[in-house]
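Going in written order, the chains are labelled A, B and C, and every chain counts its residues from 1.
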Amino acid sequence: MSEDEFDSGIDIANVSDRMSPDTLLVNIDGYEGPLDLLLVMARSQKVDLRKISILQLAMQYLSFIEQASALRIELAADYLVMAAWLAYLKSRLLLPPDPAHGEPDGEELAAHLAFQLKRLQAMRDAAAKLMARGQLGQDFFCRGIPEDVSRIRKVTYGASLLDLMQGYARIRTRDEFRPYVMSRDSVFTLEQALERMRRLIGFAGSWTDISSYLPDTSSSDGKRRRSATASTFAAALELVKEGNVEIRQKEAFAAIELRLKDQSLE
Amino acid sequence: MNEDIEEKTESLFETPSLEAQSRMCEAMLFASAESLTIRDMEERMPQGCNASKALEHLRALYENRGVKLVKTGGSWAFRTAPDLGFLMRQEMVERRKLSRAAIETLAIIAYHQPATRAEIESIRGVSASRGTIDQLLELEWVKFGRRKTTPGRPVTFMVTEKFLDHFGLESVMDLPGLSDLRAAGLLANQLPPNDRLRENDEESDSDQPSFFED
Amino acid sequence: MNEDIEEKTESLFETPSLEAQSRMCEAMLFASAESLTIRDMEERMPQGCNASKALEHLRALYENRGVKLVKTGGSWAFRTAPDLGFLMRQEMVERRKLSRAAIETLAIIAYHQPATRAEIESIRGVSASRGTIDQLLELEWVKFGRRKTTPGRPVTFMVTEKFLDHFGLESVMDLPGLSDLRAAGLLANQLPPNDRLRENDEESDSDQPSFFED
């Protein structure tokens, strides 16, 4: 960014060109809004910028707007808004202040405009100073052969002993539910016991120990034996309930005996 | 696994000396076109290194050399000494020309940051065209700042480290003329108190308030 | 800035000092996108400069620094000191947990080794994906054991020394037993009061005499 290029907009040498009515009107797009136009006008007003009069500036702006409208040049709204405001400011500055009206003092309004212009000028000066600084790639330089930092993504997998144990516990806990299904092998169900007893009971005319009704295999397998004993006992009770069989036990823990009910007695 | 790596790191570098650490910073900064933060560097250095100290050591070493160690914002970089730019015509980068609007907007953001769009517009007296701020954002000279707490919670703009790096500034405090502008009340969004203006009036012995003191 | 340049311009008329010349070479070599020949540099330097001498001076300055001035073919460049190459690589170690499937498989191998794939599958109740065991093999936590003498002679898996190292175990015998797991609250409460699992283990082990062979 060269300084020339930046300055071209506010170059004082240019101002007189830009201020001639024709150029001004033709180049209206060259202004960065009404404040910029005012600033250009202010700078063209006097060599000694301190003597700039806001009133004079307002009138100058208004006559510019008049000329523009006489030439039927369409002006952007903000230029017209500024014109209206400056017309108001002009009246406030020319007429003595009316204390009855709560309206702002013309001098205060003018001071505000002056501040705005001054601030804009200050920012332009600051921008010029900034651009006049040494710049990277123009006045000082960065490394010409940068070396890229190669980023190596390395994934490491980790697990703690706790993870391992929890994993194992999880599997074994799951296993725990399986035996209930598998242990059906050693279960002698009530239905099986009933069916077996119905087949065998016909031969039991006299009192017989219930254990003789247990399936043969039960002696070798403790679990199956327990299951068969329970089922056979329950089946016996079922048969008693049906009224086909009598059951007795002489005393606690004595042998439980069964016999076919004597139908003739009924 | 964890332990393995730490063990290895320790055994390779047993608390490098300040000299050794500054060599490391030197190598990393030399290799990079971008500036690096302390953190960037320490992440790559062995454990227990203090990049800040190493950099101070290094900065002294490069005093008056053809290459300078500079700090911008929170990061560090080597840059060629500003007086040797004339040797580097071949390295000069063709810059896209910024519009006057963009340059002014940039300056306003830098000097007034955080600045809202409305503030920028009120200073320039013209509505900001969409492209102006976009261009600065694209250059990464400007970034979004925090929202203002004022009604509407407008977004603000701030300059970036890249901006500072580009203009060779260590921080925004080093912006040219910043303190003068602040003293003159020109960085305030409000008109300075009336009495100040009245003083100016007296100086300019005119009915109208004056401006353009210089 | 301006003053600097003016100063420089003035000094163009007298041959710059060796110190000044080596600053120039330093800046050019730093900023150039390519290595530079003596001629390249002298063309850019003020008249009467001797780049060779300046470079020798510069080379001495960079002796033992983090950056080295090197000559390759006929041209010169700065390079990172070879011992600091590690700084140009940033290892990003990403730690990930093993998947549940992998942990379970690993646990089964550890507790039941040598274990065949079929055994692992039957204990987990899920068919093992190829990747799971491969991952464990790759981590070197698991290795192939001897083949089973059963029909089909299936391969077996065992844990490695590295596995023991990682988990801080002296041998697989140190793996906590199921009663330890329960005592530690790692097993669910709904387990039957007696250690049936232990019983089962022993039963199933009976046909594998070489359990925990090491």
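Observations, loosely collected:
Keep this in mind: a contact is a pair of C-beta atoms (placed from the backbone, for glycine too) under 8 Å apart; a residue touches a chain by one contact, two chains touch by 3 or more.
In this text, all values refer to a predicted model and were calculated from it rather than measured experimentally.
Greatest Cα centroid separation from chain C: this falls to B.
Taking the mean of each chain's C-alpha atoms, the chain closest to the overall C-alpha centroid is A. The geometric centre of chain B is 37 Å away from that of chain C, both derived from CA atoms.
Averaged C-alpha coordinates give centres for chain A and chain C that are 33 Å from one another. Residues of chain B in contact with two or more other chains: 1-2, 5, 30-31, 44, 78, 80-82, 85, 88, 91. Counting partners per residue, chain A has 133-134, 139, 141-144, 147, 149, 156-158 as the residues that reach two or more other chains. By the touch criterion given at the top, residues 1, 5-6, 8-9, 32-36, 38, 42-43, 49-55, 78, 93, 107-108, 110-112, 114-127, 129-131, 133-144, 146-147, 149, 156-158 of chain A touch chain B in their complex. Remark: chain C residues 1, 27, 30-35, 77-78, 80, 87-98, 100, 102-104, 106-108, 110-111, 123-125, 135, 139, 166-169, 175-176, 178, 181, 184, 186-188, 190-192, 196-197, 200 touch chain A in the complex.
Residues of chain C that touch chain B in their complex: 1, 4-5, 7-8, 22-28, 30-33, 44-45, 64-67, 78, 80-81, 84, 87-88, 90, 93, 95, 166.
If you check the complex, the residues on chain A that touch chain C are 132-134, 139, 141-145, 147-176, 179.
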